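Chain IDs A, B and C follow the sequence of writing; residue 1 opens each chain.
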Amino acid sequence: MDKKKAVRDYHRNLAVTAGIILLIFIAIPIFVKSPYILNVFVLVFYMSTLSMAWNLLGGMTGQNSLGHAAYMGLGAYASCLLVVRTGINPWLSAVAGMVAVAVVAGVIFYPCFILRGPYFTLVSIAFGEAIRQFIINSEFFGRASGVGLPYGKDSWIDFRFGSKVPYYYVGLAMMILIYAFMKKIERSKIGYALKTIREDEDAAAAIGINPIKYKIMAVVISAMVAALVGFFYASYIRYIDPELMIQAKSTEAVLPAIVGGAAFVEGPIIGGLIMIPLSEFLRATYSAILPGINMLMYAVVLLVVIRFRPAGILGWYMNSRAKQFVDERILKKPSVEVIEEVEMAGGR
Amino acid sequence: MSDTPIIEVSHITKRFKGLTAVKDVSFTIKRGAITGMIGPNGAGKSTTFNMICGYYPPTEGKIFYDGKDITDKKAYDYTNMKVSRTFQIMKPLKNLSVLDNVVASAWFGHAAAKNERQAREKAMEVLQFTGLYEKRHVLSKDMGTPDQKRLEMARALATSPQLLFLDENMAGLNPAETEEAIKLIRRINESGVTIFLIEHIMQAVVSLCEEVIVLHHGEKIAVGTPDEVMNDPYVMEVYLGVKKEDADA
Amino acid sequence: MSTFLQACVNGLLMGGFYSLMGMGQNVIFGVMKIVNFCHGEMLMVGMYLTFVLYTFFGIDPYLSVPIVAVVMFLFGALIQHTLITPSLGTKSFTNLLFLTVGLGLLLSNGALVIFGSTYYTINTPYSQTYINLGPVTMALPRLISFGVLVVISSALFAFLKYTTTGKQIRAVSQNPVGAEVVGINVKSIYILTYGIGVALAGVAGSLLTGFYTIFPTAGASFGFRALIVVVVGGLGSIPGAFLAGIFLGLLETMVALFISPSYSDLIVFVTFIVILVVRQTIIARRR
């Protein structure tokens, strides 16, 4: 049948396009040897992942956290301290770190779920700052001077390399996995619950969604992903200190999502791919003469996007001619009705 | 089982900081029927409605559903008990398509969908039933009032209720749209759903309801068939501002 | 005992600044229901403005207060008109939030680009003058600043309470639609409100320069404390903001005195979380 074939072709085209993009990313380290450029990519991968973590809470659930650097920092600290103090394997410490952060987010943060709108944002800032201040004052956490991870031979078991290439691939894998995970959530029961809560908490309760329960889920998942990024960051930089958790870092975690389009799971990745290389280029080129120029540019882009393209780059793309062109000429996308008809008939 | 009323409201009172909005109101909702509640503005209709829906608890009194005490149930427990509601001020999920609005509901309630496919199938069915099928890909914020009111009902129906609460579902509609809404409500009722509604539009109440409860100043002043209630001297006084004798004279 | 009294006085003097910052934030939050996340940066801009006026034109920091107030008012009005009002229309709370966050980034990094990360101070002939009151010593600049900000706070209170414009602002904060219906131009009230809020932050910055170093992120801690003041003092309440600011200043110095200076931030944030959660829980229960 024609329609079936059209839909099958469309899915094949989608898969081929995704495959080509993936191949390009896999091939980059083969052709690009500059550690500086590879570092920019690693940065893109983990910052986009952190931004996806934020976006689950901010974009999908409508709870604007400005404390995600604290979750990332806690994850980094938990896994680092475990490695340094107990000598367990770093990969295990990553899991332990995620669990620890989930507990902190779900239990200590629990009373804060009653807060809505701006109050939630305020408490997330205060919570993040309180954690940072606690670490600065704690001998166990190494106070303001931070914690370093041991150096040594390259090893996959210890997740330790002199070259940036392994970090590139692990970072890429992390970003893709988290993307797939977020995409899955978006189309699941949880995703619909979170989106309903974002639009209206009373309406959510009326159809049987317990807002508090799902908000806790969102915060816990989001914090765990942030903790994973923290683990990656610590293993990559091999040194962490409380500066990691300052307010500005939480803001940096949000920017890719807002610029890319917070309503889309892809938003943080698109935003990260565009903004971070730009920011790093400016930092490398001008920071000696004009410190702060990269963040200044970041701020200008953010303001321009919010003022003129409030739905972000992807939101703008979705209603653009470019998308029409890509859908019709490259992906050969059939009409929504046709896809729906074929899917409902079970002929995928 | 079928003798017990589906809802029994027993002596409920609600006070807000010393202001008594609802005072010692009792009534029952008959299984399978359409029951209406009317009353002038500020009569306590919405407050009563919100208490029955678990939006907030009554200060005093009890509410029974199928003979079970549900006074302290939370709003989000209701769809699991096969009860669903709409809002007077429509609460569409603005940035989602009509289809996604209804899919979201289909994931919840006592007959919640197990997977995405089931949720979509259920949603499509409800959209066809409520006449929104053609508009399923429109963003709900881009629709007019009549369609948003319909969407309110569609979202409530997607949780497969046996009892549906409608809060002023026809306010703001013109006569033709009201007629459409009346037909839809009747069809819902004929499919086996008990309905309790608050309404300002008398035409709708008279043509739909088997029994009508009248509230005034937070108290129940009359109950009966639409005819009985409309001819009640006190109700006429409240609604028309005339005493029965004056009207006769 | 004398250290305790000294700490009280220091807390009081610092608390005055938190009050002033909180009042500006309170007016903005009260009227537009948005949190101004660049409030601290506005204070920083006020500081640099005072610094420039002093260094290049030789204007005394206290004499520059009215100039800073006017300039900052116009700056705030411009931002409101060009950026915030158009975004209010989209009704996206997330965007509004990050609009002010973005403005904060713009201002602090703008200052970094223009002035570098050097710490500046303003040394006036009287900046090293101290006054002894019994066992308590006070730097003259702090005392003058406190006096000025008490006057400004009272003036703001009187303005909102007794003038027609003040009443219009309060009307909009209670019900923008109703205010529009009775003929109040809500958009100009928004411009006025944001201008006033920003001017108050700028003035606080100006008053700080007498005894505080000037650097690009100088406003951050004041910005967050302004939010604490709003939440603790109660929405829309000027006297509440004043008391909350003083309370916060005292809390900080008491923690520093009795526990350790390095714990004062931690305690401030934890206290804030507890107050916020307890208050909202009570409000939710009451419903």
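Methods note: contacts are C-beta pairs under 8 Å (C-beta built on N, C-alpha and C of every residue); 3 or more make two chains touch, one makes a residue touch a chain.
Because the structure is a prediction, the values reported are computed rather than measured.
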Among line, ring, star, complete and other, which one matches the pattern of chain touches?
line
Relative to chain B, largest Cα-centroid distance belongs to chain C
Provide the C-alpha centroid distance between chain A and chain B, rounded to the nearest whole angstrom.
42
As a quick test, compute the distance in whole Å between the mean CA positions of chain B and chain C.
48
Between chain A and chain C, what distance separates the C-alpha centroids? Give it in angstrom.
33
Where does chain A touch two or more other chains at once, residue-wise?
none
Residue positions on chain A within touch of chain C in the complex are 58-59, 62, 64, 66, 111-112, 114-115, 117-119, 121-123, 125-127, 129-130, 133-134, 136-137, 247-248, 251, 254, 258, 262, 290-293, 295-296, 298-300, 302-303, 306-307, 310
What residues on chain A touch chain B, complex-wise?
187-189, 192-193, 195-196, 199-200, 202-211, 263, 336, 344
Contact set on chain B toward chain A in their complex:
53, 55, 74-80, 84-85, 87, 91-96, 100, 103-105, 107-109, 112-113, 116, 119-121, 124, 137, 155-156, 158-159
How about chain C: which of its residues touch chain A in the complex?
29, 33-35, 83, 86-87, 90, 92-95, 97-99, 101-103, 105-106, 108-113, 116-117, 216, 220, 224, 227-228, 231, 260, 262-263, 265-266, 269-270, 272-273, 276-277, 280-281, 284
